[in-house]
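Supplied in structure tokens, the structure appears directly below.
Letters A, B and C name the chains as they come in the text, with residue numbers starting at 1 for each one.
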Amino acid sequence: MLKSLIGALVPLLAAVVALAFGATMLLALGASPVEGFSAMFDGAFGSGSRIAATAVKATPLILVGAGITIAFRANVINIGGESQIIAGALLSTVVALSFPDLPTILLVPAVLLAGLVGGGILGAIPGALKAYASVNEILSTIMLNLVMVQFMNYLLRGPLIDPYEMEAGTRIPQTQRLSDNAMLPNLVDGTRLHLGVPVAILAAVGAYLLLWRTPTGFRLRAVGHSADAARASGMNVKRNITLALALSGSLAGIAGAILVFGSEGQRMVTDGSAAGFTGSAGFNGIVAALFGGLHPIWTIPSAMLFGALLTGATQLQRVLQVPAALAVALNGIIVIFVVSSTPVRGWIQRSLSEAGLFNRHNDTKTENPRHSRSEPGGLSDMPDPSEESGNV
Amino acid sequence: MSDFFTLSVLVATAASGIRLATPYLLASLGETVGQRSGVLNLGVDGVMLLSAFFSYWVVLKTGNLWLAVLVGVAVGLVMGLLYGFITVVLNATQGISGIGIYIFGLGLSDLLFRRQVGTPKPVRRLPDVDIPVLSDIPHLGPALFQRNLLTYLAFLLIPTTMFLLGRTTFGLNIRSVGENPSAADSLGVSVRRTRFAAILIANSMAGLAGAALVLQLGIFQPNLTQGMGFIAVALVYFGAWRPIGVMCGALLYGLVNATVLQWKALGIIPVNGSDLAAMAPAVLTILALVVLARRVSAPAALTRPFSRH
Amino acid sequence: MNGITKAFPGVVANDSIDFDVRYGEVHTLLGENGAGKSTLVKILFGLYQSDEGSIRLRNDPMEITAPAEAISARIGMIHQHFMLVPTLTVAENVALGTASTRRPFTDLDLVSERVADISRQHGLAVDPSVEVRRLAVGERQRVEIVKALYRDVELLVLDEPTAVLTPGEVDDLFVILRRMADSGHGLIFISHKLREVMSLSDRITVLRNGRVVQTITPAETSTEELAQMMVGRSVNLAPDKPKREPGGVRLEVQGLTVQGDREEISVRQVDLLVRSGEILGVAGVSGNGQRELAEAIAGLRSVEAGGVVRLDGIDVTDRDVRARRDQGLGYISEERMKDGAIAEFTVGENLLLVEHGSKKFTRRGMLAFGAINKHCEKLVEDFGVKTPSVETPTSSLSGGNIQKVILARELSAKPKVLLACQPTRGVDIGATEYIHNLLIEQRDLGTATLLISEDLDEVLGLADRIAVMYEGRIVGIVPVEEARRNQIGLMMAGVPEQEARNSP
């Protein structure tokens, strides 16, 4: 009871700290925090269509975030969301360009599947490199982000560029307008709410079921907590590590397809940077997952909150001329806060249990005081992947 | 292609390679010290962005280059205090904390730039300083000895770092807390203090790297580094945690980048081909990691928070 | 030390302990694992703070809150796990944490000179310029002693220093320690090996469950009495074990050669046969290849060409862990919290670690929690695991109970071959007896058991035949009824079987 109370306090406190920091920033930038926050709230939830826009903004964050939780539970860190989103988007774009005349009922699943496959490949590569060549996945996923941005630029400026852009000589790096049949159907008229939103929510629920209700998830979690014990009990640790990153990447890949086929422009477009296409969803998804306690289900509301922050920040820029990058800085603060509160929470729990506030059974004693603070579902239950990353 | 293999073009490429290597070298050397103490900082890119912005802003407002360098280092130091507090005092997970620092630096530098400057305006760059006599050596002189002071400083910091790690008590403490913090602790060496100090060094050098980057370019824009800080972290692995190895990696990077730029300018590769060529450094890093991963061993306590139990 | 009390969540490790040591004596702290020996000396060395009680050094009250303060009070400690930095040289390890005469630079040349002096003076051969990772275990221990002497310690704590040494190395160590005591050092020696304690100590303090049982001199007592004090009642060291005729060969190991972690050869040309219904015990000092042998049989470590492992007649040399388990192998690993169980998993999840994917426990690809919970609850009851529920995190159980969880998991699969490594290490006496009886029961059911243990009494008590391992080789195999303790002891030190048999 007390434990879950402390567990719930962390995101709340993080939110308070972020708000306080945001207010300070607004003041420093010469804007009124009250006006600023109300503009943000209005921008995110002010009308039905704005709520829909927030949900659409949250969609890639839910997917990337749910993927992050799968990787984390298997003790691998996936910083490669950006590259996996891009790969998913590119592959699904190629599919839509190749089969523009397929009916919607086939083409939409096909592009989503292509996204899944594209992202999955970009996840499987660092996964296999970690499992079979001991390459640190943090470094390799980051490097793949850098690689895929350039690859996207190459394709969108070259082979995939809108022929019209070539003729006109404007050379904006974007594809031609993609087939209407590939576009994600709109769910509520007059809003941007499209099929991608329920797809993402289903994917997050699926991630939860996978992790806690299937033998595969059991193995992923076992490998995450103790690769040695998993190996000794007959699990294939290398395959599971690869699988974890591939699954994680495939969810991000779906997000990539949704970004393209849920876009207003009906095409894939960039400004030459990764964020120009992804909106940094690959990083913001990490933030959403952390804020959601690395639990796929909690990632959904958490991603909504960050979706709101992003749409709110756009409104902030429109109304008060405060750059939307404020939201990015706030995200950073939230990550730092959530991460540093985990050990603090451990201390609080330990000192409370030493004070006898948690009932511990008298006939059991502690094998290892360091491990005595585990709590299923909470952050402290999470393995610390970086501890394993001593290898290159 | 034959345009490229002329002496003057090669010398110019080498010169620009060394210039481009400077920020990598500064950041990687600092990160080497940090990692030898057992602390991984993935936030280098964020620190570089912040310090680059502040350095730029100082030059824009005052025109004073050395004040700008100082401010860049100071920004790094402040970020080091933050990172040290999170990872050493609170014992938080290093990997994700670093990503938090990165996102924070990315966002804040972007925000401040758009608010305080708006559109990129060029500023004064670091002047090249000829070293007497040496700069007159044909070909080699212009490539090596007509560089800016921060480049010279970066190369001077290589032996300095080696000396620090190898020959001083502080360096001995750094190496021991990075390999076996319990042993160091049992001998009365303060693991926290040593790591905190190493983090401050690492971050102020990341700050210096940001300043060097922006003062060599003479311009700032959001996300100026485009992931350079992450490459700098990878270079430490690449260089097997040794200053000389790190230098080789940084030079290689600088030269590859310079060559790509040169080829683009000479029209050896087509315009959109340059995007493919720009993939080279990151691909190279991944390949290097694959080759090196099993051959070199990281400091044993890297990324492991320390507590007595 | 007076009235020292220290509690951890769920345990009182030290309960008002009084303890004193005089300069010039070896005072032993004797007790089982978990009796509170290590906690007490860690408080003395400033690694833990006591909740109550006081420490006085030469009658002056002391507050020791960090190792640095202990060191400046000239207290030294040699930890069970050596506190050395493997990538640094001996001189650098010695210099670490001491003031240099050339601050801020190091003065390793001066350190090396003094190390050489100390080595000569105390008969401790160490080369100051070698990296520690290149040294053998015995040499590393000498470096630890040099480190202490370099700091002019007056009081030295040795936490189970003999655990990793061969009998010969133990004798050498005792000569050094005796000499140190005679030259006025106070030594606190921690051990649970009764014979060593009797031969080295001037005084012995026995701890049990965090309390002092008695302080006594060796002349006033006997090994039997000490054992009784240690465990609190008379101990039946040899469990009842009716003789039984073994059946067919279940595990066969031929010409097995295995590399260790540092790519050194750890197991050399080992041949072993274990039959249905027998326990083959492997005795040996820690670090003589037992761990590598077990891991190679379990499929966790690859073997050199030429070696063969057969389970129930089938060659599994190139098969993975899964295939070997399917072939009827059960494995109780040496370090239970490393690869035996997962601390963060619940008791139920740990019980399911091997069989979670089987048809019994899945329905339409999903885990069938009804069947799973029933299975786990039955195992918890059958094996007497003390846990509030199967949902309890395993980390909150005692060592003995975690070991029971592992045994329940491995034995419920009805293994044909059981590989039991240090099955009672760090387990309380009650659970140890229970586990011993389980292993014998399992033998009587026809399981072929390979028991690897560093506890010679355990091997003598359980095994039908005893194989002695030294430097990766099987020195000899002796039927238990012919085995004499000192003969096995000599073989553990590398003396060939024939020679050992002829010794008095």
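Brief remarks on what is shown
Everything below uses one rule, namely that contacts are C-beta pairs under 8 Å (C-beta built on N, C-alpha and C of every residue); 3 or more make two chains touch, one makes a residue touch a chain.
Just so we're clear, the structure is a prediction, and the values are computed from it rather than from any experiment.
With respect to chain A, maximal separation of chain centres occurs for C (centres as means of Cα atoms). A count of contacting C-beta pairs for B-C and for A-B identifies A-B as the more extensively joined pair. Between chain B and chain C the centroid-to-centroid distance comes to 46 Å (mean Cα coordinates, whole Å).
In whole angstrom, the spacing between the mean C-alpha positions of chain A and chain B is 28. Counting partners per residue, chain A has 369 as the residues that reach two or more other chains.
Counting partner chains per residue, chain B shows two or more touched chains at residues 300.
By the touch rule above, chain C contacts chain B in their complex via residues 45, 47-48, 66-68, 71-72, 77, 79, 82-88, 92-93, 95-98, 100, 103-106, 147. Per the touch definition, chain A reaches chain C in the complex via residues 209, 213-215, 218-219, 221-222, 225-226, 228-236, 350, 353-354, 360-361, 363-369, 371-372, 374-376, 381, 383. By the touch criterion stated above, chain B contacts chain A in their complex at residues 40, 42, 46, 82, 86, 90-97, 99-108, 110-111, 114-115, 222-223, 226-227, 230-231, 233-234, 237, 271-273, 275-276, 278-279, 281-283, 285-286, 289-290, 292-294, 296, 298-305, 307, 309.
Within the complex formed with chain A, the residues of chain C that make contact are 7-11, 298, 300, 320-322, 324-325, 331, 333, 337-346, 349, 352-354, 356-357, 362, 365-367, 386-388, 392-393, 395-399, 401-402.
Residues 167-173, 175-176, 179-180, 182-190, 300, 308 of chain B touch chain C in their complex.
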